[in-house]
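Think of it as A, B and C in the order they're written, each chain with its own count starting at 1.
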Amino acid sequence: MKLAKRVVVLSLVAVLAMGLVFAGGDKEKGKVRIVTTSWRTEDVERMNRINALYMEKHPNVIIDFQPTADEEYDANTTASLETGIGADIIYLRSYDEGLPYYEAGHLVDLTDIIPNLDKFPSAAVGAWSKDGVTYGLPSAGVTHGVYYNKAIFKKHGLTPPKTWAEFIKLNETLLAKGEVPIAQGALDDWTLYEVAFSGLGANFYGGEAARQALLAGKAKLTDPNFVKAFEAVYSLKKYLPRGYEALDYSAMLQMFASGQAAMFIGGSWEISTFEDMGADPANVGWFAPPVEKAGDRLQYCFHVDIGVGVNKNSKHLDEAIEYLKWVAGAEYAQALMNELPGFFSYTPADVKINDPLAAAMFEVIADSDPTVRTVWEKLSAQAPSGNELMGIALPGMMVDKYTPKEAAEFVQSQLETWYPPFRK
Amino acid sequence: MMKRRKRSTLSTYVYYLAMFVYFIVIMYPLYLMVVTSLKPNAEIFKNPLGPPRSFYLGNFITLISRANFNLYFLNSLVVVFVSLFCIIIFSSLAAFILAKHGFKGSTFLYSFFVAGLIIPIRLGTISILKMMIGFGLHDTLGSVILVSIATGIPFGIFILTDFIRMIPDDLMHAARIDGYSEPKIFSRIIIPLLLPAIASVAVVNFIPIWNDFWFPLILLKSQSVRTVPLATALLFGQFSTNYGHVFAMLTMASVPVVITYLIFSRWFLKGLTEGGLKG
Amino acid sequence: MGSNVLHTRRKWRKILFRLGFLLPALLIYTFILLIPIVDSMRLSFYTGSGLIPNTFIGFGNYIKIFTQEVFRERVWGAFTNNIKFFLIVTLLQNILGFFLAMAVTRPIKGAKFMRKISFLPTTLSVLVVGFLFRQILNPIWGILGNFPWLGNEHTALPTLAVAVSWQFIGESILLYTVGIDGIPIELLEAARIDGANWFQEMRHIILPAIMPIVGIVTLLIYVGDFTQFDIVYAMTTTSGNPRFKTDLFGSLFYRTAFSTPARGGWGMGMGAAVSTIMFVVVAFGVGIWFFVFQRKRDA
């Protein structure tokens, strides 16, 4: 029968394929498996190398890094924790994105567990603490600035700008020479807000002081200084590539990494991304967000990025805490900064930054007023969240749906529907 | 196919042209997918459209060795085969009753089942999630299998009832006279005759079950239980910076369904046509 | 009396046998497919911060959706997008599907092969198709990357509709093929002897024969499109970029029910309300369909 013959053929193909696929396979018995999770799916290899250091010293423990795609991370983690199947070690975003896990009772109180907690930068500890309880180990922060292609700059005799005027002039030159100045798109909602606005805009709205005023309800996004920041981002529109409206994050990265654009407004975490994509590290340069006027002090977005929490219901609580203590220590800090340059460890230890780009990014901190992303803290606690609104307003502004002023008004008016200090 | 008198008129040429254009439109994306998956990332940029310079398998090796794709394959296979097995058994059991042991209300029951063909199960997602948590099936392949069975039953009952109805009653009478019990009639007489229809049910259900992304996304959380489409979606971020990996991933997710379709296309098309037209 | 006992016993055995055969299918179908839909509607009257809403608030969720601009705007947006999406897909799949079916039913070389090939895309996962199209539209190196299809407010949604139609047109072709194949040859022969031209043949013989199929194809598209999620996820992310211009009910439901507030989540109770609204829309459409097509059939 013809049907039977085909069933046999398919089964043979399936068996053959499975045989090929399962040629390998590992066994692990009598070992404790600690599952760690994060939103950084691109780091699997590098995290495995870092964790290998721990596993060498703890042969009975397996650290299994299982990240989930950024978009799905929070929803997935919430659901997993609520249903008792969460990972043992949970990576936490800062402030209101990490806090719900603690408030729902899923996280271990780490206040007395983390060694030297009082020596960690207090601003970082604050990002994962509530009412004196620290529920996340402040692990790493990231900074925002501008990457550039050294070869393209050299070809046109350009040097990194210090002020905004120089930055604009540089863009004009590149444009005139037929280069694509900035690999930036307007499709993925977060890049324009988290990196371009928070990173480059901080110099215009006045950094941390202005952000604190906003949180207190004493300032509004429609105030002139914030609108100026919107305008600054908008003024870059003419330097974006053709089709920027449809350029998603990975295409942006690819464009810069393959030398098709001169600059990339990015975060420090992209150092290793570009390296993995085959960009020559010696050809990638970086400069800090240009200040508004010569002599201004740099308002530097040094964002509290990664906190590490422990699942209260972990089946291997002791081992998980043991691992966390290692993560809080110097060996992990050094390994992290070697493997993932651009993630700056908060661990109070003498750590060397070996990557020249990361070193450049770190050096600037000393001469700057650090701040974090504009509406990340408190203003994103509820729907419609500040993060989400900025993600609507900024891409909309870049495709001329909103003027910079309207973009600011849009976010402000939506926040006023729920943010208590604005409602007074 | 119909034997029609050949008319080599203008319209025939128009149809030829349409078919040719359509062929290109269908095949180009698939060609692109396979060809790109066989190129290293650097080559994709220099030579995005042409055939690969060499037969590069590195992308596939990476996916299997670094991304556990073999595990996701196994998970998908388990879901598909267990679901199909249950759909076929449960549907043919019910179809046997509905077709040959009608009772008061059996017509209603039949319509009740068949209505499921146009009820989108996704609308019950929240409650399904709640139920799976209650059963302790959340984050297990079992949850997705149950959902797949429920989605497949209406089509199974629909096709199989129709098919069993066409089996002559005399055959069953003869068997009863020979002392066969009803379950024995079912297993010895009905099932063997039913095989072609079962093949249709199996192939038609294979594809949506293999491809289902929604329920795995909602119900499966741990890496160890991911199915191929879920893994494809979640790994997209991890590999999105490497187009070679992306395309290799898409190719691997597609190969099983495409092969199954090509081998079983006759039963597949038959099943679908009946499902669509009598509905 | 003895025969009576025997009779009842036999009757019971018969009932048990029927029940035993029906039960597995009935239970799974009812408990996994039907009851959850009803139960989700019940949950739309609840609220709560946990995974499963537990505080009864009556019509609170609906009042929020219909009176607060932020929520109403999203639901209304998804609704109008979904209607547009459905219309484009319906037009493409019915019209192109029909003409291609005409082509593959001609007694010409390669027609049979094309019948088989035309169904190939339908077998793929929507997700794969979405990612594939996204690469083809990639502004840097995609072959259709010369225009920001997915970035432009006016073209993004039609682009998604084209991708979906590309995938599912095979289904329409298949069904139309069967319809055309089913037309008795004598009828066509007679028409030709009478000197009917192509248009007359089409109007008086072919179209009437395939009208019921148009109905079925449209119904399938309707139910599929109003729960479509995968294509949005793959091509324009769950927030329906650019700025919700490609947000469909499926993506709205996913986002509101299963995402955190920072990513557009509204909580499970609100999510259940969204899925109930979806149900009403789907049921309304299917109701109209039955009214239009089934009545015609009965008449």
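In the analysis below, a contact is a pair of C-beta atoms (placed from the backbone, for glycine too) under 8 Å apart; a residue touches a chain by one contact, two chains touch by 3 or more.
Computed from a prediction, not measured in an experiment: that's the story for all the values here.
Trainee: Have a look at which chains touch which and call the overall pattern line, ring, star, complete or other.
Mentor: complete
Trainee: Can you check which chain pair, B-C or A-C, has more C-beta pairs in contact?
Mentor: B-C
Trainee: At what distance in angstrom does the C-alpha mean of chain B lie from that of chain A?
Mentor: 38
Trainee: Roughly how far is chain B from chain C, going centre to centre by Cα mean, in whole Å?
Mentor: Going by mean C-alpha positions, chain B sits 16 Å from chain C.
Trainee: Rounded to a whole Å, what is the gap between the Cα centroids of chain A and chain C?
Mentor: Spacing between the chain centres: roughly 37 Å.
Trainee: Considering chain A alone, which of its residues make contact with at least two other chains?
Mentor: In chain A, residues 71, 79, 83, 254 touch at least two other chains, as defined above.
Trainee: At which residue positions does chain B touch at least two other chains?
Mentor: Only 45, 133, 233, 236, 243, 260 qualify.
Trainee: Indicate the residues of chain C shared as contacts by at least two other chains.
Mentor: 51, 258
Trainee: Enumerate the contact residues on chain A facing chain C in the complex.
Mentor: Where chain A meets chain C, its residues are 71, 74-75, 78-79, 82-83, 96-97, 100, 104, 185-189, 241-248, 251, 254-255, 260, 380-385, 387-388, 391-392, 395-396, 399, 401, 414, 417.
Trainee: Mind listing the chain A positions that touch chain B in their complex?
Mentor: So the residues of chain A in touch with chain B come to 3, 6-7, 9-10, 13-14, 18, 21-22, 24, 35, 41-42, 44-45, 66-72, 76, 79-80, 83, 85, 249-250, 253-254, 257-258, 273, 276-278.
Trainee: Show me the residue ranges of chain B that touch chain C in the complex, using the header's touch definition.
Mentor: Spelled out, the residues of chain B in touch with chain C are 1-6, 9, 11-12, 15-16, 18-19, 22-23, 25-30, 32-33, 36, 44-45, 48-49, 86, 89-91, 93-94, 96-98, 101, 103, 109, 113, 116, 118-131, 133, 146-147, 149-151, 153-154, 156-157, 182-183, 186, 207, 210-211, 213-214, 218, 229, 232-233, 236, 243, 246-247, 250, 253-254, 257-258, 260-262, 265, 268-269, 272-273, 276-277, 279.
Trainee: Show me the residue ranges of chain B that touch chain A in the complex, using the header's touch definition.
Mentor: 41-42, 45, 64-67, 69-70, 73-74, 77, 133, 138-139, 195-196, 199, 217, 221-223, 233-238, 240-243, 256, 259-260, 263-264, 267
Trainee: Per the contact definition, I'd like the list of chain C residues that touch chain A in the complex.
Mentor: Residues in contact with chain A: 49-51, 68, 70, 134, 137-140, 145-153, 236-239, 241-244, 258-266.
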